[in-house]
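Heads up: the structure comes next, in structure tokens.
Should a chain be cited, it is by its letter among A, B, C and D, assigned in written order, with residues numbered from 1 in that chain.
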Amino acid sequence: MIRPLSDVAVARRVARDIPDGAYVNLGIGMPILVGDVVGPDKEIVYHSENGILGMGPAPAPGEEDRELINAGKQPVTLLPGGCYFHHTDAFVMMRGGHIDISVLGAFQVSETGDLANWITDLATMPPAVGGAMDLAVGAKRVLVMTTHTTRDGRPKLLPRCSYPLTAAGVVDRVYTDLAVLDVGPAGFVVREMAPGLTRTELQSVTAARLGFPDDVGELDPH
Amino acid sequence: MIRPLSDVAVARRVARDIPDGAYVNLGIGMPILVGDVVGPDKEIVYHSENGILGMGPAPAPGEEDRELINAGKQPVTLLPGGCYFHHTDAFVMMRGGHIDISVLGAFQVSETGDLANWITDLATMPPAVGGAMDLAVGAKRVLVMTTHTTRDGRPKLLPRCSYPLTAAGVVDRVYTDLAVLDVGPAGFVVREMAPGLTRTELQSVTAARLGFPDDVGELDPH
Amino acid sequence: MIDKRVATLADAVAGISDGATVLIGGFGDSGVPVELVHALLDQGARDLTVVTNNAGAGESDVAALIRERRVRTVVCSYPRSMGSIWFEELWRAGEIGLELVPQGTLSERMRAAGAGLGGFFTPTGADTLLAEGKEVRTIGGRPHVFEHPLPGDVALVKAHRADRWGNLVYRKAARNYGPTMATAAALTVVQVEELVELGDLDPEAVVTPGIFVDRVVEVAAS
Amino acid sequence: MIDKRVATLADAVAGISDGATVLIGGFGDSGVPVELVHALLDQGARDLTVVTNNAGAGESDVAALIRERRVRTVVCSYPRSMGSIWFEELWRAGEIGLELVPQGTLSERMRAAGAGLGGFFTPTGADTLLAEGKEVRTIGGRPHVFEHPLPGDVALVKAHRADRWGNLVYRKAARNYGPTMATAAALTVVQVEELVELGDLDPEAVVTPGIFVDRVVEVAAS
């Protein structure tokens, strides 16, 4: 029986790959969870594209400041050592390769590392992109955190994205509720799988062909 | 008899054309004199391309700070309201058209407003340009302050510059020890002349053809 | 004497023409020059092109400007914030234009305008819908999109403190687009929470030098 | 834990390779990282490309590096300062290369490298010798020169204060190239007059956020 990981369990797995001292941007949605589960033994500097380095946790109720919000427009705090800068400089950091790790959500990821995470339907809603494209092209490592399939069970890991791209050939690693996969020269390579899941089962919910090395690890479901 | 104006008298004439409240960059050499003769009734903000707005006069002896120098590398002071910024921003101000007036020296000026003020001889000395090209292309108004001829009497106002250009078609007005001239669509137009100087005499020391409107004024030699 | 302070919000927005391109600061609710936008609403200019990160939300500021049919086109990165109902309604009805620009490119294009540059190549947006119709060049083995400068006729900016020269400091993440927009517009209008005496701002900590600012008006913090 | 402080000048310049491109801050005597350059002299790297505003003067810092035949090429805007005898001597002998770049373009090219841009068009230098061999494009009726990003392997910068995250503030006009060079190099090394505790720098007044800095070393003000 397939037992997908919870969002928090996936976040914990992502957090394990973030080294002490890293400069990290967490995308809106699931990736934000990562900030809550990084251990206190690591000092991580969180970047927000509206002009903050060194973001701390959410403020205590009543302590919110409308001029201190993150890219998701939620109130945050600033740690000692943090600082403010303008938008253009915030994107110098992103585009210029100064962010060590960008964690992004995804609608689709292709086996060549293409990312689609900004729009699914051009007709009924105005298109909106925000900083997604800048985050995808600029970070030293681009990690994607997503459910393995859509809510109605369609695969998100594909030979080729059908949705409009955010950026081409940028994704380094994908963390889903079923597996951790690297994007290599020959496509997706499975590194870890949820406990109890077979290779056949994982391949059956993945449209792209998966590579399985000998030493696939087991994901911690907690 | 031709009585050329002193450098200070030319500087006074330039200063008269600088309106209250202007943002001004004074080039190295003769233009620096302008700062000393602007009247106290005007509040002028001086820009220095190494990252200063609101430069004040030279410090008292013994008060110099090696970290507070102008583009000519001379010690200066900062007025209340002045501020510091980095080099790239200093040139945003210049290239972006934010400086109202740039006063520059010149080796040659052409009748189409070309300016040559950075190099005369490529062979014996290493070429050096500094901020000359940025100052020439970016300011709202480019004023040139120079002697009318070279030390050995050769004209500096020419149909075409023979020295390598600093920038093409940028000069708005030229102030010499003999005349004030605008650069118009039909070439140099004389606005004011040194007292006692005839039109023929002025033309005789100028290689470009001069236009003389009916109302040429007289320069104040003091 | 330089005195950029104006007495009223009406004075601050006086002279903005129909058809103007207006850069409006703010990211979500932070750093939005709400009172200036409301003054622009009262002032009456129409047929505006509005450049801003979001397309307004609820019934206030940019959303109100859109609701009142005063905006012909929005240039922005994320027009689909929570509560951006007016933009969505007019967009669906075909009554308002949208130029969607990745967030970092939006900021960088305004910087290019302020810096007097003719445009730049960026990897952001390459291989995506947002590169369609644009010049693409491979640089360092990677596709780059050519982006044009984006100047404004007017910028409306919110800052924290100003002096009479127009020097500005901001508060926390409210800084966002302000410093860049201030450089990019022919007329930069700023609302501040506090006007201070010349010399009261630390010259090392001025974020927007007064050269980029034309008018400042004090509006008590709400 | 993030701790970018290093104990000695030798630690600060450790690992700089032969053939490296080294960005060196400073304008005239202000903001020059004299002690870091002397440490580089002791460290022994040779065949360097040095990017800096001037080409050194007297027998100190950049001039000493040139005198000791450690520099293959200088990229600068003004190699002809008073006392730049070593550069001039080697240049005349054909023993050192020179790439002359207008000052604002020099700074902007480093910014482009730091910002992850592929290059830009600037009006500076158009119609001059310094545009020879470069792509020229007419934009807005005016010729613009295409300029490439200028990245460094190393940047040597002088600042006033730093904390262990590498956040920097500068002193007066010593700021000059520092903030831009810090963004443009793979390894940014900073000498400061004072190390302070994390949280001691005003987050509104940090000029170079620590993300751009790799090593800081305290050197008492001389």
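Just so it is clear, a residue touches a chain if its C-beta (ideal position, glycine included) is under 8 Å from a C-beta of that chain, and two chains touch if they have at least 3 such contacts.
From a predicted model like this one, the values you see are computed outputs, not experimental measurements.
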Required minimum of steps from chain A to chain B, each step between chains that touch: 2
Most distant chain from chain B by Cα centroid: A
Averaged-CA centre spacing for the pair chain C and chain B, given as whole angstrom: 35
Length of the line joining the C-alpha centres of chain B and chain D, rounded to whole Å: 30
Touching two or more other chains - residue numbers and ranges from chain C: 108, 111, 115-117, 122-123, 170-172, 204, 207
Residue list for chain A, restricted to those that touch at least two other chains: 78, 84-85, 91, 94-95, 137-138
Touching pairs among all chains present in the structure: A-C, A-D, B-C, B-D, C-D
Residues on chain D engaged by chain A in the complex (per definition of touch): 1-2, 111, 113-117, 163-165, 167, 183, 198-199, 201, 203-204, 206, 209-212
Chain A residues touching chain D - in the complex, by the definition given at the top: 20-21, 23, 43, 45, 47, 53-54, 78, 80-85, 89, 91-99, 137-138
Contact footprint of chain D on chain C as seen in their complex: 108, 112, 115-123, 137, 139-140, 142, 144, 169-172, 202, 204-205, 207
Chain D-facing residues of chain B, complex: 48-52, 65-69, 73, 78, 84-88, 90-91, 94-95, 114, 124-134, 137-138, 164-168
Chain C residues touching chain A - in the complex, by the definition given at the top: 27-31, 55, 77-81, 87-88, 91-92, 98, 100-105, 107-108, 110-111, 122-130, 170-180, 207
